[in-house]
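Following are the structures in question.
Next, two complexes with chain A in common: one pairs it with chain B, the other with chain C.
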Partner chain A sequence: MDYVFYILAIWIVGSGLLAILQRNLVHCAVALIAFFAGIAGIFFSLHAEFLGAIQVVVYVGAIAVLILFAIMLTRHVTGEEEVSPFSRHAIWGWIASAAVLCVLLYSLDKQMFAISAEPSQITMLDIGNAMMQRYAVPFEVISLLLTAALVGAVVIALEEPRERK
Partner chain B sequence: MYEFFDQIIFKIGNVIIAVLTWLISLFATPPAWLPAVVWFVFKVVLIIATFPAIFAMTTWAERKILGRIQNRLGPNRVGPVGLFQPIADGIKTLTKEDIVPAIADKPIHTMAPVIAVVASFLVIAVLPIGRNMIGADLNIGVLFFFAAGSISEVSIFMAGWASRNKYSLLGGMRAIAQMVSYEIPFILSAVTVVMVVGSLSTSQIVSAQQLHLLVEDPEGLGDLLKRVVFHFYNNIGGWFVFQPWGFFGFVIFFTSSLAELNRSPFDLPEAESEIIAGHHTEYSGFKFALFALSEYISMIAVCGLASTLFLGGWNGPHLLPSWGWFFLKVFSLMFVMIWIRGTFPRLRADQLMGFAWKFLLPLSLINIFSAGLWYHIPSRAFGWLASALIMGGAYHFLSRGVVTRDIEKRIYRFA
Partner chain C sequence: MVTLTHYLVLAAVVFCIGLAGVLTRRNAIMVLVGLEMMLNAGNINLVAFWRYLGSQAMSGQMFAIFAIAVAGAEAAVGLALLIAVYRHFRNVSVEEISSLKG
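Here is the complex of A and B:
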């Protein structure tokens, strides 16, 4: 089992580095897809098949496709324009990634050594029950938030209908 | 006799294991992991050998059937009734020069067909082809199917983008917009079955469609008739397609699967009269054949999932072995797909999107509700009726809603 983990870990780190170091935007996105697939592999190797499949459905099937679609709708579609990581606009990206890193480090510090070595079997039934009972309200709130975001995106994207005679 | 044919693959596998064990035992003690590894390799080889062969015959059948529909002969030069045409095509594509456009993005251009083929073969693994015949009996089978299927969208995008051709890019964009839209009714229609069975495992979904009515007094001639009738009822009566939600779910699933597969009448991504061949315009030789392979394998797989979810999988009266029933259902559905291709004109882009979002999506949401109602009403007959009424009403009013202008009766004037 350890070999599987190490192979997947090399795969994930490699594709993650490719995703951030390449200049071509579409190449980055493709590397990101490989990265997501590697994470799904980790889930599968931990016998969390449900999470692994959801990882592929959500990240590869939806988010990566969304990213690719967004790239196609911009003028960066050829992927040849280069953006320097030290330009003026990139500062916000640096701040955001630093914030995410802080949150991850904090949670890692809290969680990492509390996890037992033996992964407990979590069935779909448990996940369903947790989502429909204990976490029903947060779940609904998040979906409401997403709906609001969607409506907002449509309002921003929608052009005013032209006056017709 | 029936038992023998039903379990024939199983028996062949056991014979292989026995022969290998005997061969090894001549020199050393056979290792304990031998049967498991042999089974693993045997399954993989069987899937990789069988399904491309079916693909080859499907291309021939499709051309023959389309020819019949369009009043021409179809392939008839190579072999009897053109039966060896797929072999000739295979040799042709293998020997053709592989042309890659000079400005194409070479690594992604090369990777795209490979990913398409891998994604389509992954999906086959969770289909229960017959009794005890399943590549990998995952407890998340249906979810795995959709997960692996969603990878093919990425491959189409990669092909469309990396070719650096405007037609390819347009085809890729059309394909993604269409597949993302139709994926929702595609999955939601399968959710009804998952909900009623209470499991995502494909083998459990199949066994949930078997009925177990027993014959009380199995003696005498009258009872023989009774037994035959009961046998047919046990093996056919439980198919979900006979429930109202199952029927609508099946129709929604089948319709949106046509769009997922980019098949006619939803073949806008490769509309040859508009954008040449869409995302595989710039592919030649065997890369093009790989795209064709992945499309047809996905077609077989989607038909297989449709028959697993709604048509009882490999269940059927013992006139055919279980895998015979499975392939009979798959080939019937594929025939309907080819028939539709020969009959329906292509949709316009706005009709395509409107159909998915205004009609199929609400209908599949209401279908989930009606399946829940059916499940919770204790009386089966009443539940059937309630579910049928809801779905019938929803179908009626939603189809009114899609119509954007009044349809007048067309008056034909001849001369």
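Here is the complex of A and C:
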């Protein structure tokens, strides 16, 4: 089963780099869809099937389409960006993220985790029960937050009337 | 044998790709894309720790579910803000939108 992880890792890193590096924004969005699908695969390989399905529905389905819509509303449909991510003033961004990567890998190298012999496994039934019992309050709060955010998004994006009569 | 560290290294690499996107791209939409990638890296970490640190607790998965919900709200509000900004400036380049600069 090991090769599944390596294939997914190469897939994710490759599509993530494509999404970051391409100049054409629509191509970036397509690479981003592949990236999100790869993350869903990682969730499946970790036996978090519910999360994998959620990832496909929310990210691959909704957020990717939202980003595509935003690209098409703010640019011409096949809009090219005028500045390449390889330009001179972007170098500090690359240096900073490489430094963060070095720090993360160094701290991972130093760390030992108490791995349990028995990998956790929960079913969708457990998640449903937890949502309605132990996590009932956070569940309601998150639904309120989502409602407020969506209403706010509509209000912000709505064109203000030119003249009120 | 794929261990917890494999997943953590993958998440670190994904996080830094997203960070590079946030720092190097000039289009505000691409900055949001980088942000989403960083959030996904965090979710990988949560689920990997849930899987490998055992003890039938499900907080790792529940946290990831709530993180995805918050990320969805963030994406919706962020893109709505970008559309409003575009309507005002006819541009979403983070370098052109500098009215608040003294």
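Keep this in mind: the second predicted complex is superposed on the first by the 122 of 165 C-alpha atoms of A that agree within 3 Å, B and C clash if a C-alpha of one lies under 4 Å from a C-alpha of the other, contacts with A are read in each partner's own complex, and residues count from 1 in each chain.
Note that a residue touches a chain if its C-beta (ideal position, glycine included) is under 8 Å from a C-beta of that chain, and two chains touch if they have at least 3 such contacts.
None of these values were measured; they are calculated from a predicted model.
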Which superposed partner A:I54 touches (first chain B, second chain C, both, neither): both
Touching partner for A:Y135 - first (chain B), second (chain C), both, neither: second
Which partner reaches more residues of chain A (counting touched residues only), chain B or chain C: C
First (chain B), second (chain C), both or neither touched by A:M72: first
Which superposed partner A:L18 touches (first chain B, second chain C, both, neither): neither
Partner chain(s) touched by A:H27 [first = chain B, second = chain C, both, neither]: first
Contact residues of chain A, present in both the chain B and the chain C interface: 50, 54, 62, 69
Footprint of chain B on chain A - complex, ascending: 24, 26-27, 30, 33, 40, 49-50, 53-54, 56-57, 60-62, 64-65, 68-69, 72, 77-79, 124
For the chain C and chain A complex, residues of the former touching the latter: 1-10, 12-27, 29-30, 32-34, 36-37, 40, 43-44, 47-48, 50-58, 60-62, 64-66, 68-77, 79-84, 86-87, 92-93
In the complex with chain C, residue positions of chain A that touch it: 1-2, 5, 9, 12-13, 16-17, 19-20, 25, 28-29, 32, 35-36, 39, 42-43, 46-48, 50-51, 54-55, 58-59, 62-63, 66-67, 69-71, 73-74, 81, 83, 85, 90, 92-94, 96-98, 100-101, 104-105, 108, 113-120, 122, 126-127, 130-131, 135, 138, 142, 145-146, 149-150, 152-154, 156-157, 159
Complex contact set, residues of chain B against chain A: 105, 108, 111, 138-140, 143-144, 146-148, 150-151, 153-154, 157-158, 161, 164, 169, 172-173, 176-177, 180, 183, 200
